[in-house]
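Beneath this line is the structure, given in structure tokens, with notes to follow.
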Amino acid sequence: MPKAKLAIGLFILSEANFFLLLIIAYVYYHAYPGSGPTAASVLNPMRTGLFSILLFASSATMLVAANRYRARAYRATLTWLVATVALGAMFLLGQALEYAGLYERGVAVNRNLFATTFFTLTGFHGLHVFIGLVAIAIVAGLSASGRLAGSAREADAFEAVGIYWHFVDAVWVVIFSVVYLWAIL
Amino acid sequence: MSGVGNLLRAWDFDPSIVIGCAALLAAYAFAHRDDYSRAPWFVGGVAAMFLALVSPLDALSDEYLFSAHMLQHLILILIVPPLLISGLSAKVARAIRAVPALARIETILATPAVAWTLAMATLWIWHWPALYNATLANEDVHILEHLCFLVTATIFWWPIFAPDARARMEPTHAIVYLATAMVSNSVLAILLTFAEPGLYPAYLHPVDSLGILPILREGWGLTPAADQQLGGLLMWVPGGLVFLGAIIFVMARWYSDPEPRTGTLGVAAR
Amino acid sequence: MSGLAVSGRIGEPSAAAARRGLLAWVASVDHKQIGIMYMLSALLFFAIGGFEALLIRIQLAVPNNHFLSPDTFNQIFTMHGTTMIFLVVMPMLAGMSIYAVPLMIGARDVAFPRLNAMSFWIQLFGGILLYFSFVAGGAPNAGWFSYAPLSEPAFSISNGVTYWVLALTCLGIGSIAGAINMIVTIVTLRVRGQTIRRLPLFVWMTLVNSFLIIMALPVLNGALVMLLIDRLLNAHVFSPAFGGSALLWQHYFWGFGHPEVYIMILPAFGIISEVIPVFSGKPIYGYGFVAASTVAIAFLSFTVWAHHMFAVGLGHMFVMFFSFTSMAIAIPTGVKIFNWSATLYHGRIRLTTSMMFALGFIVMFTMGGLTGVSFAVAPIDWQLTDTYYLVAHFHYVLFGGTALAIFAGIYYWFPKMTGRMLNERIGRWHFWLTLIGFNLTFFLMHPLGMMGMPRRVFTYPDLPGWMILNMISTVGAFVLLASVLLFLWNIQMSLASGAAAGDNPWDAWTLEWATTSPPPPENFALVPPVHGRRPLWDLKHPDRADERAWVEG
Amino acid sequence: MSGVPTLNPFSPEAASISHLFVAILCVMFAIFALVAAIVTVAIVRYRDREGAADARQEFGNSRLEIAWTAGPTLLLIVIFIFMVRTIHASDPPVRGRTPELRVIGHQWWWEADYLSSGVVTANEIHIPVGRPILIDLESADVIHDFWVPELGRKIDAVPGHKNHLWIRADKPGVYLGACAEFCGNEHAWMRMIVVAQPQADFAAWQRDQLAVPAVAVTGEAAQGARIFREQTCINCHAIAGTAGIQRIGPDLTHLASRRILAAGAADNTPANLFKWLKDPNSIKPETHMPNFQLSDAQTHALVAYLETLK
């Protein structure tokens, strides 16, 4: 069994638990929001939805990249990796804009329990996206310098990064439905 | 305590259930006519299903208590299918596989990923308040729900208890399969346990046709909040213990059959 | 061990082999050196945590004592608990696994040697960070489970708790990385022939334990993150005064905290399951049941956390369910105890120091387990939780259980690690002193709790009987101190002039004993063939090999 | 009152627990003795010595395993059944009864408000003998825990989470209680006493507590009363019939009638009261009560005044 793949799987298991806890906290305080802003009152699901599509698209481009990589088409691999990084970066940009907008309206992390749990949850997801981008960038760099030419070990590493990235997106699917879609319902 | 009397008398021999169970038994008797050694399991399964669906438990579930309804579902999902499957003999199982169409169906459905997803999706979807309430409002939807549970659960337990050893999952995989299912079951249960009361409004103000509501509320202390908690806890703890039991069973089966020898003793393995 | 064919993987020679001196350790990625560094750091912190324990006992020796101020006392007991759990027991057990597991599965090293080094250094950093709080305005003072809102900035003004949060986050990350490494190692690097069903029980329990760590530690990290946001960004997740929930913290913390208890005992079970068979000259009794009961414990440990919360007023429904699961978890634990005892029967018991500690473990841990059952019985918990009866209970589990097992493991593997035997005569003294000192210190805490002495009090009124019991306990603590000093002296002496160990001094049968003591950087020149659970036994007695016995009987 | 309160109950609730506890202790001891015996016998019988038989290579016995899995299981089921009964006996449901007494945990003292009569006191709870009193338990700051072992279960006082418990005593007497949940520096001195009295005495006590004490007009006491008003005392403490109405510290209206001082840190004697007012830390280190650097004369006056508050 490939080592890196197994390791990343276990890592994801622990990460999933971590996010589960943050989500439970968010849901718990959704029931007892207290005064001040709520998801429904300050969030903009449409806008975030659009940026989310970019993130999901980046999963697709990552798949293509992996596909090209297996086909030993390293130039194409590089292109698709760059595309993935670009899409992920745009998602982060969107999140930054969202945060900025919230701060302007006085929704800071310590404003009320909704704000705290919201920023904690989405913030940590953002952090994970960022880490994923760094990892993918490194892979892209390697493939650019032609040092990715697929020995079993590199292929394993490549897949591991891919799995992590898909996990980050999957978590966003949950967060988006719990935080944004629930707000519309 | 006439109320309790009414409750104990509230048996509802719905023809669909009676006929269904009878048909199951008949089919089994026919298929196994030369070997009834495993019949007790199968009969036990049918009996459990029958009791769950016609006994006062059903009355409680439909009208009064979320927790009772949960208990009924747990029986249908966690108790009945394993019993039914264990009742089948390997011979019959092989006979079924002999039919190419059926064999193909089994290969698809018994794929762990498929079976797992089917079962868990069913479990989660039907607990979505809108759907769950629909089952309480409309008897046909309710029957559909129970069928969904029975079928997908049977598919779920097949790779664990399949009579034909070759159809079973490899033990380590089986443990992961069951463990993940247990987690998914627990997460849902925890959500139900800690959710605000009134997730399923029908249980807030039951139409008290048996006149037992006071007994339930005061006597048993099952206020709507307590009732919903109890339901969640039932799914969480006893439900989880069933999955755990299955894991232990798989391991016991695994450890009890001797391993194939690897190479010969003393001589180096090359 | 000649005449064996090579069937183990032999990787590239280790990076450390080239280097000399201290650098060989600091820059090492060799699992043996890292494992030993884990254990040494654990010993260091054991000394510190033990010193804190002595301060506590001195303060409590007599009523109305002014030896320590209340706040100092709170800092000391908080640090004692945190240190012993996160900086002694966990690293010690991790170190043993990291050292022994690759050897026991005939591997060259762990799956990710560099990650392995990272885990160690990040854990050590966490420990240093925790103790840095002393010079940074005060150590954490809210107890090892930092109940909110006492741990919120409103009630805990010093930065202590903040350091506690940061340190534990580091330790959590380190443990998770280490656990991932262990699982991948065990799954991918086993020597040919060693199927999962043939794993030595220590390896099996390490495997299960690693899964526990991966599932439980993130829960702690999640809670810590939110507490940190409360403390640094003055949010109010856990402060009821602003709509937060004090109980949410308890649910989160114990959601981690109870599995943690088993994280601290499962590897100890593993050590016992290796030591007792070897010194009884028999295979473990009911291997499958011991292995399966471990899995049962691992799963159940996630369903019992609220028994730490029986007194917060959860409602009878919750209380009954959680006491049900808490009782259930006693069953697989009992199965283990019975199997260990059964292993002794019809054996040929060699009472080495290691074996004496293992037998001591069975008896002392049983006591801890039984008082544990009494806490699963909610009404008894309502009387005795947060009293000295509880303190006695978990010390019987963690000292009478884990610590004795760790000593058994050290006496068992020290020859393999160093090539020299520990002195058995001093060892026996060490054992008896430990046993006596331990029971003197902790047994009388049971009656103290029943007499109504709450835990975590910096002093107590002079009520009838309280003083004498506390005084005896304090005396016991100093007996324990003596035993520890004796142990350290034994190590130091044996390192200098212990008898040479040879490859297999105990006539044991797992793979680590098939190589030299200490093993070469690449671990094995030759890995013996594995056809059963006791490869070296099979080699020695081809006629009575396990597999034959298995097939025939 | 006695040496081992948890085994020496003075109420039906506490009794139900201690009976179960004694039973469990016996079971525990039996099992412990069994295991210890098994191990000891094995060591003696199978010790490796000259001419000892070779170890028998056996791998286990499923029947035995099932036996020692089923045995404990049955035992635990029995225990569980008894436990369920004890839960209801030792902590009866509230059933919509309105609490007679509100107890509020503060860092580090107990406030007791008698909701029916309006009596407010601290660290000394009076109850009538033989009648269960429903307590509504709250916390003003962190988590505390109300525990009077001779009278029944302990239960936490959790901020933002109301708890209820029944308290009752069969015999008149003074029962020791304490805070059992770590609550900060002075957790050790957050003790209390419960005084159980015959109904008549209890009623009398309530009457006394409700009486507004006469404010001394002459002598040292009057001087002390002024100090109480003019120093910062009244910013935290209330005394009926004076300007002091703050409830941050304990209500002092009938301080002199109480047995203990500073939540059990000292007996309530003039001497101790003097020490306490002069330097609170000397009696209860790191308490919230500040040291006002009063002169001896002032302190004497204040003590004289407070001693009039019978």
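Chains here go by letter, A, B, C and D, matching the order in which they are written, and residues are numbered from 1 within each.
Note that in this section contacts are C-beta pairs under 8 Å (C-beta built on N, C-alpha and C of every residue); 3 or more make two chains touch, one makes a residue touch a chain.
Please read all numbers here as calculations on a predicted model, not as lab measurements.
Nearest to the common centre of all protein CA atoms is the CA centroid of chain C.
Should one ask which of C-D and A-C has more C-beta pairs in contact, the pair is C-D. When chain centres are defined as mean Cα coordinates, B lies farthest from subunit C.
Annotation: 36 Å between the Cα-based centres of subunit A and subunit C. Inter-chain spacing, taken between the CA centroids of subunit B and subunit D, is 48 Å. A straight line joining the Cα centres of subunit B and subunit C is 39 Å long.
Counting partner chains per residue, subunit B has residues 256 touching two or more of them. In subunit C, 244-245, 287-288, 324, 328, 550 are the positions where the chain touches two or more neighbouring chains simultaneously.
Touching of two or more other chains is recorded for residues 20, 28 of subunit A.
Contact residues on subunit C toward subunit D in their complex (touch as defined above): 66, 69-71, 74, 142-143, 147, 149-150, 155, 240-241, 244-247, 280-283, 285-289, 311-313, 316, 319-320, 323-324, 327-328, 330-331, 334-335, 337-339, 341-342, 344-351, 359, 362-363, 366-367, 370-371, 373-374, 377-380, 382-387, 447, 449-452, 454-461, 463-465, 544, 546, 549-550, 553.
Of all residues in subunit C, only 4-5, 7, 192-193, 195-198, 287-288, 291-292, 295-296, 299-300, 302-303, 315, 317-318, 321, 324-325, 328, 529-531, 538-539, 542, 545, 547-548, 550-551 touch subunit B in the complex they form. The touching residues of subunit B, when paired with subunit C in their complex, are 172, 175, 179, 182, 186, 226, 229-230, 233, 236-237, 240-241, 244, 247-248, 251-252, 254-256, 258-259, 261-263, 265-270. For subunit D in complex with subunit C, the touching residues are 3-7, 14, 16-18, 20-21, 24-25, 28, 31-32, 35-36, 38-39, 42-43, 45-48, 52-61, 64-65, 68-69, 72-73, 76, 79-80, 83-84, 86-88, 90-91, 93, 107, 141-143, 145, 147, 149, 153-156, 158-161, 163-164, 176, 178-188, 191, 264, 285-286. Contact residues of subunit A toward subunit C in the complex are 1, 3, 6-7, 10-11, 13-15, 17-18, 20-22, 25, 28-29, 32, 34, 109-110, 112-113, 115-117, 120, 124.
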